[in-house]
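Residue numbering begins at 1 within each chain, and the chains themselves are lettered A, B, C, D and E in the order written.
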Amino acid sequence: MTQKLRRKNKQRRIPRATLSPGSAPGSLTTHEGAAQTQCYLTATKADGIFETECNVSEDLGQYLNKWPLVWINIEGLADTEKLMELGRVFNLHPLALEDVVNTTQRPKTEHYEGTIFIVLRMVKEYEATINSEQICIFLGKDFVLTLQEETGDCLDPVRKRIRVSEPRIRFSRPAYLMYSLVDAIIDHYFPVLERLGDRIEDLEERIVRSLDDKLLEDIYQVRRDLLKLRRHLWPTREAVDRLYRDPTPLIDDETRIYLRDCYDHCVQLLDLVESYRDISSALMESYRSQVSLNMNEVMKVLTIIATLFIPVTFIAGIYGMNFDASVSPWNMPELRWFFGYLFAWGLMLITGGAFLYYFWKKGWIGGRKRSTGRASDAA
Amino acid sequence: MTQKLRRKNKQRRIPRATLSPGSAPGSLTTHEGAAQTQCYLTATKADGIFETECNVSEDLGQYLNKWPLVWINIEGLADTEKLMELGRVFNLHPLALEDVVNTTQRPKTEHYEGTIFIVLRMVKEYEATINSEQICIFLGKDFVLTLQEETGDCLDPVRKRIRVSEPRIRFSRPAYLMYSLVDAIIDHYFPVLERLGDRIEDLEERIVRSLDDKLLEDIYQVRRDLLKLRRHLWPTREAVDRLYRDPTPLIDDETRIYLRDCYDHCVQLLDLVESYRDISSALMESYRSQVSLNMNEVMKVLTIIATLFIPVTFIAGIYGMNFDASVSPWNMPELRWFFGYLFAWGLMLITGGAFLYYFWKKGWIGGRKRSTGRASDAA
Amino acid sequence: MTQKLRRKNKQRRIPRATLSPGSAPGSLTTHEGAAQTQCYLTATKADGIFETECNVSEDLGQYLNKWPLVWINIEGLADTEKLMELGRVFNLHPLALEDVVNTTQRPKTEHYEGTIFIVLRMVKEYEATINSEQICIFLGKDFVLTLQEETGDCLDPVRKRIRVSEPRIRFSRPAYLMYSLVDAIIDHYFPVLERLGDRIEDLEERIVRSLDDKLLEDIYQVRRDLLKLRRHLWPTREAVDRLYRDPTPLIDDETRIYLRDCYDHCVQLLDLVESYRDISSALMESYRSQVSLNMNEVMKVLTIIATLFIPVTFIAGIYGMNFDASVSPWNMPELRWFFGYLFAWGLMLITGGAFLYYFWKKGWIGGRKRSTGRASDAA
Amino acid sequence: MTQKLRRKNKQRRIPRATLSPGSAPGSLTTHEGAAQTQCYLTATKADGIFETECNVSEDLGQYLNKWPLVWINIEGLADTEKLMELGRVFNLHPLALEDVVNTTQRPKTEHYEGTIFIVLRMVKEYEATINSEQICIFLGKDFVLTLQEETGDCLDPVRKRIRVSEPRIRFSRPAYLMYSLVDAIIDHYFPVLERLGDRIEDLEERIVRSLDDKLLEDIYQVRRDLLKLRRHLWPTREAVDRLYRDPTPLIDDETRIYLRDCYDHCVQLLDLVESYRDISSALMESYRSQVSLNMNEVMKVLTIIATLFIPVTFIAGIYGMNFDASVSPWNMPELRWFFGYLFAWGLMLITGGAFLYYFWKKGWIGGRKRSTGRASDAA
Amino acid sequence: MTQKLRRKNKQRRIPRATLSPGSAPGSLTTHEGAAQTQCYLTATKADGIFETECNVSEDLGQYLNKWPLVWINIEGLADTEKLMELGRVFNLHPLALEDVVNTTQRPKTEHYEGTIFIVLRMVKEYEATINSEQICIFLGKDFVLTLQEETGDCLDPVRKRIRVSEPRIRFSRPAYLMYSLVDAIIDHYFPVLERLGDRIEDLEERIVRSLDDKLLEDIYQVRRDLLKLRRHLWPTREAVDRLYRDPTPLIDDETRIYLRDCYDHCVQLLDLVESYRDISSALMESYRSQVSLNMNEVMKVLTIIATLFIPVTFIAGIYGMNFDASVSPWNMPELRWFFGYLFAWGLMLITGGAFLYYFWKKGWIGGRKRSTGRASDAA
């Protein structure tokens, strides 16, 4: 049932940030439906690596302070007991822990005594829409602590690089591991944007082809996804910028150069998102002008038909008049002509034909094709 | 009667800020209809807490300078005498006191000698619209003074935490109490935004269902509420930022970390408000396109009907002509056919049917459903 | 005649700033129609106050350097001789004097050696539109010099406070008098905005009631007034900010706190102006949608009438056909029915009624009221 | 022919900036059609002034270093030889000289060793459109060098002031002459804006009067002129700001105060341009709504006429039916009434009249005047 | 086949930035279809120049550290081996090398120990659209290293100037060569913008002439090109600004003056691009209003025709009524008039003529020409 509630929360169209006002700062109340907490530990030193699924309270003491770098990865935030235990072990600030549990934070970097606290959003595989989960990173003198909202992440490439003998990560300080994680999280936005780009190209094709029912809804969906990405990436950029710039002994100069590169990637992503937003605006406009063109065409064709028949109906009306031919030869002599009826038909055909020719000449009927500017042209 | 005037003031749709120009700075003239002034005192020390409804002039001397932290809470600003008495007791600057009484201030933080003066707006339960009252906080070396426009506030959780044995608040300096109050006030915006979000979702449903009468008015109401919230929250963000950053001995470093968290909440709130504003813009647009779609549909159906009957009326006109059949066999022989009348009917039915078929083929009549993009998709 | 020219200048709809290019800097050429120059002197000391209408060249020497504070108020700038005399007496910079005479300056604060030069705009009573005049304030070590474009100002409350025994002003330094003047000028914007707010509320009512002739013009007028106020207030805010911040021995710390309050009032005024601008934009939009709704209604009603009569005219056309009933019993037997004519009328009534019912069912005719969202809702 | 090319260049509607890419920096290639180079020298000292048309290479040596201030004014940039000669004499940087020749520079101030280099644009008399030429000013220790694109300028007032015995300019340092030139150039924008204001007022009148053919084109022209002015004035403001602020021994403190005044004028000009841009936007909008109102009126009148005749045509159709009156007394008895025909006319007149009354009642026909909001109201 | 893939990549309408997330930082994976790597070396000293196509690993050692300036130009990035070899020789940072290979970088300047790394985009000849390739420049103490995405560039003028005896380049430090390259790349934008300007002028003509099929698509294309240029130029401006400002011993003061000139060119280019964007917006608007004017004209002409015939059809209907003339002299006496039929025709002609006159008088038919404001007027 908590699972259900959580899914409902996910389906909400309008973003929410819930907080029980007035609760003491630093109090940990996980939202209903949080995933079960699991803990993984990776300890590395120059000549070895040790990986285990661990129990918070007991195992940590064995590795901490004994290995140069310990990476603890927590997945699922349901067990507040364990989180508070972690807080005690790593001396984490209660406000930071509160932010970990409250999973609607904006990405940010905060400095506490002895630790740096980073909040990021990790996008998932792009399916119908963009989903993301919050990931928090604590960087300490000899540990990196990551806390994820759910199981499953995009950090496998980093794990692989740690396992494969890549000396840089193993022997370097925790800052480099932190950078690797941040970099992996940010770079994971690229394939998601790639797929969004495919989708926009697909929408372009569909507008040109025909205005089917779901089109507008799909455009709106893409716009919503882009706004979501933008809302994630702007503060991410700031957070990485602060990581790169703020003076702190926890991050060495070499890692800073790598973080600058990371910052560059953020800017590139934001550039792309802005381009896509321009394109999606053009898509909307293109859709609207297509709809209005269709409407205009309806009105035009109908009005032309009406206009065609009005003059000929008038001619028919003329010869329906009852002027008394017996009184005067001037009174409707056509009625008594041998080919009078045919003459009337001829008159009507010529009139109608003249109008048709005039309309055609003016280009109001017939072949003028309208060109359909693709939306991507505008961005 | 003052009650009435005050209500009238509340109902004003257009925000006003009234000030009698030319009055001496620091003069206290409360607006008509201000609530009766009541005074509550809470004194705390390491091993105790004392709460009382007090009389300004007499009781204050008993507690001030004797307890490490005294919190005086004033509700209602009608009694300027008491306020001036307070000003003398706590050595408040006349300009600050003037701002207290003048309840249309923007949220702000100001530093006076020995005190910090904070103005915030406290939102009330969200009913038909958003209402708020001004709350002023003076932070001194050993006191916190809060002045509210009306009785009733959102500070009960803080009071509860003071009463329940939570050592942090009782023994810490006034700065922490001030933070707790600011935090409670800001966090109280969350449930209000939550309800506004519900309302927007409701409006979305209504646009899709049908364009009832109050819809546009309700959308405008939501937009107005969002603008109000934004007008409150922007300067609040600044005020909290200054509290957090400005160097002052009255605020200790630990409290600053909590204020940074408070600032984060402000930013989150502003983010939400901006998202909602995007959504409400999309709602407006959605409403307008729905109205215009309806209008277009009217015009289309009517024009189709007219167009259908024009050609067949023409045919009826043809056979209403009076060509003299006795003069020539070419003159309207149809009139003398055995099935002439039925032939005419047939002609008319075929013509009308052909037009209907053409319209249906083009998709101008019949089942093409238009998709209704929900507004929330765009944000 | 100069009076006439001046009035003409006032009526100009488009703002102008005239300057004879190439004239030597610091040359004083008052614009035609400037008011006659009159000079008022107020000298104050701890135990007395002396007020007189004075003659520039002679009387000033008597008071200057002998009283701690001399306030000279000049009304009307026609007499350039006197102004240059003043410049010599008070050692004013020629460029500042040029700005005094050239009455289209932006509000600003400038520091010259020994004096601070402040330019502000003083709004007048709000009648049909917003009028303002330029007021310049020179602040020296022991004098305050104000130069107004015309007679009549909003400084009477300050004069009254000087006369009434309010020790602060009399004995304090000129800075406080300067502040009192600036404060009075800025606070005088509040009642003007108040009346503008009344006017906007009135316009709202009128849009809902009916679209009378002057409505659009009045909305434009309000927008123009708001733009004017904004153009005055933005640089005023800057000017006061510089007064408050720039380090100068002429302004003491206590007065700075008052100037900060003054700055706050500017920001509040700008906030209000922006709110009103939002509302007036919504008014425009509301007006436009009302006009378009009216137009749509016209088209709809007319089209419905036309559509109603087209099918019944077709029926009348049918029975106007001349098929020869003598040839065949199938040829228009209705014409020979006993109740044929009534049958035709019945047919026509039923057809018309069916269409009316369809239109009513679809909601295209009859009672659907459109809600008129008030403009103030959007701000 | 070069004259022709040049004129063609002038007539280009779209701004261009041409540069032969890849050419060595500092190479002087004047654009085709540059005016013939002429050189004027003005040398001033405390007790005299000497003016001559001079030859670059020979005459300069006589005056430079011998008179305290030498002003060389070059008109026309065709002779690159002379320009390079000048460069050698005054020790000008090749890049600055290149900018002199390349007459599409943005206004700017640049500091080179020993000289300040200022680029400005000098507007000409406002005729059909705004034309401007580039003027470059080099300020040295004892010289001012001005280089104009064409003959004829707006510096005559400065020349006059030099000739007339105005001691300030003659004896002061070159900085003051430089200031006088910059001031004259900037103040020359005022009459141009004045005339543009007249033109906008004129356009306003024309929109209200009638929508003649050239109206839209003229509005666009005004907008283009305003954009041009804005493009000139923004960087001019920056250039003067840098002159005023950048520390350099070439500009004394007294002149800086004058330059601050100059900066003020730039800001005033930009304010005016922005106001005019608002007005011209309102003009565009006003024009568009006028066009759409006219179109709506056409449609309305035509539809009313059509609607009026449709019901009466129906009545005529009724009495054109051929029901056999001999069969039944119920079959069209009106046809045999004594006043049947008049009855029919009466019916038609009453119907038509009823419709007219309905339309009039609803306000769709007749006297409702539409108010035409003037564009200047909106700014 | 790689050639094909690459072309496909080029044709993509929507910009992409691809990056394999999770890959180790500094790993070199060139995108498929990268051009073959070729290496050119130019070594210069005071009295000579040596140019050769070289082999990375062997030849470099001969010249490096022996000639004061060595310029290595790499074209094509397919051979990652060579690139890594280069990295080792010149001690380049792996992240910089990664950026070289990843050819969707934003232009930027980065400082590494001992080298400055510049990324720019080099526009190609403007054909149907704007194409560009990435060019990276490494500036070291005694070398300049350029890496281009493809063969062919716009640097020939620089090569020519090196060959021709221009002492400045040869003997000066690498900074000057770097500047020459940056300058050549930026100045190459000018002819591209020139051609874009021609194209916009051409589009203007076409809109006025007739709305042919490809028009909208071409306008979109121009807008897309402008957005592309803007996306290239904004970061280029920043990159050059950093080159000019950042303190580094690699760039001498004289070269900085040249870089300032370069920066000026960037600003000029951006100014032009913004002007063109304004014009293209006006083009879009102009196109839309043209389309809507055409539609309105259709509706107007058709409605006029319909309206003309409706009253005359009514008259024909009148005389088609069957009132029994034998019953009364008042029943349709016109039918028995001698010129009755001609009278009816006269009536109809007069009615039609009156309507035509009315329409003509109102200006709804006949010669009112609409003026077509050119888009370039608006910018």
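We take it that a residue touches a chain if its C-beta (ideal position, glycine included) is under 8 Å from a C-beta of that chain, and two chains touch if they have at least 3 such contacts.
Just so it is clear, the model here is predicted, and its values are computed rather than measured.
Asker: Could you run down the chains that neighbour subunit B and subunit D together?
Answerer: Intersection of subunit B and subunit D contact lists gives C.
Asker: Validating interface symmetry: for the copies subunit A and subunit B, is the fraction of residue numbers used by both over half? Same or different.
Answerer: Both copies, subunit A as well as subunit B, present different residues to each other, with under half of the numbers appearing on both sides.
Asker: With chain centres taken as the means of their Cα atoms, state the distance from subunit A to subunit D in Å.
Answerer: 43
Asker: If you average the CA atoms of subunit B and of subunit C, how far apart do the two points sit, in angstrom?
Answerer: So the centroids are 26 Å from each other.
Asker: Could you list the positions in subunit D whose residues touch two or more of the other chains?
Answerer: Answer for subunit D, listing residues that touch two or more other chains: 299, 303, 306, 310, 313, 317, 320-322, 332.
Asker: For this assembly, give the contact graph shape among line, ring, star, complete and other.
Answerer: Topology of touching chains reads as a ring, each chain with two neighbours.
Asker: Around the ring, starting with subunit D and passing to subunit E, what order do all the chains come in?
Answerer: Listed around the ring from subunit D, going to subunit E first: D, E, A, B, C.
Asker: Taking the complex as given, what residues does subunit E use to touch subunit D?
Answerer: By the definition above, subunit E touches subunit D via 154, 156-158, 161, 166, 180, 183-184, 187-191, 193-194, 197, 200-201, 204, 257-258, 260-261, 264-265, 267-269, 271-272, 275-276, 278-279, 282, 296, 299-300, 303-304, 306-307, 310-311, 313-314, 317-318, 320-324, 327-328, 330-332, 355, 362, 364, 368-374, 376-379.
Asker: Please output the residues of subunit B touching subunit C within their complex, sorted ascending.
Answerer: Residues in contact with subunit C: 13-25, 93, 95, 98-99, 104-106, 108, 110, 112, 213-217, 219-221, 223-224, 227, 231, 295, 298-299, 301-303, 305-306, 309-310, 312-313, 316-317, 319-322, 325, 332, 334-342, 344.
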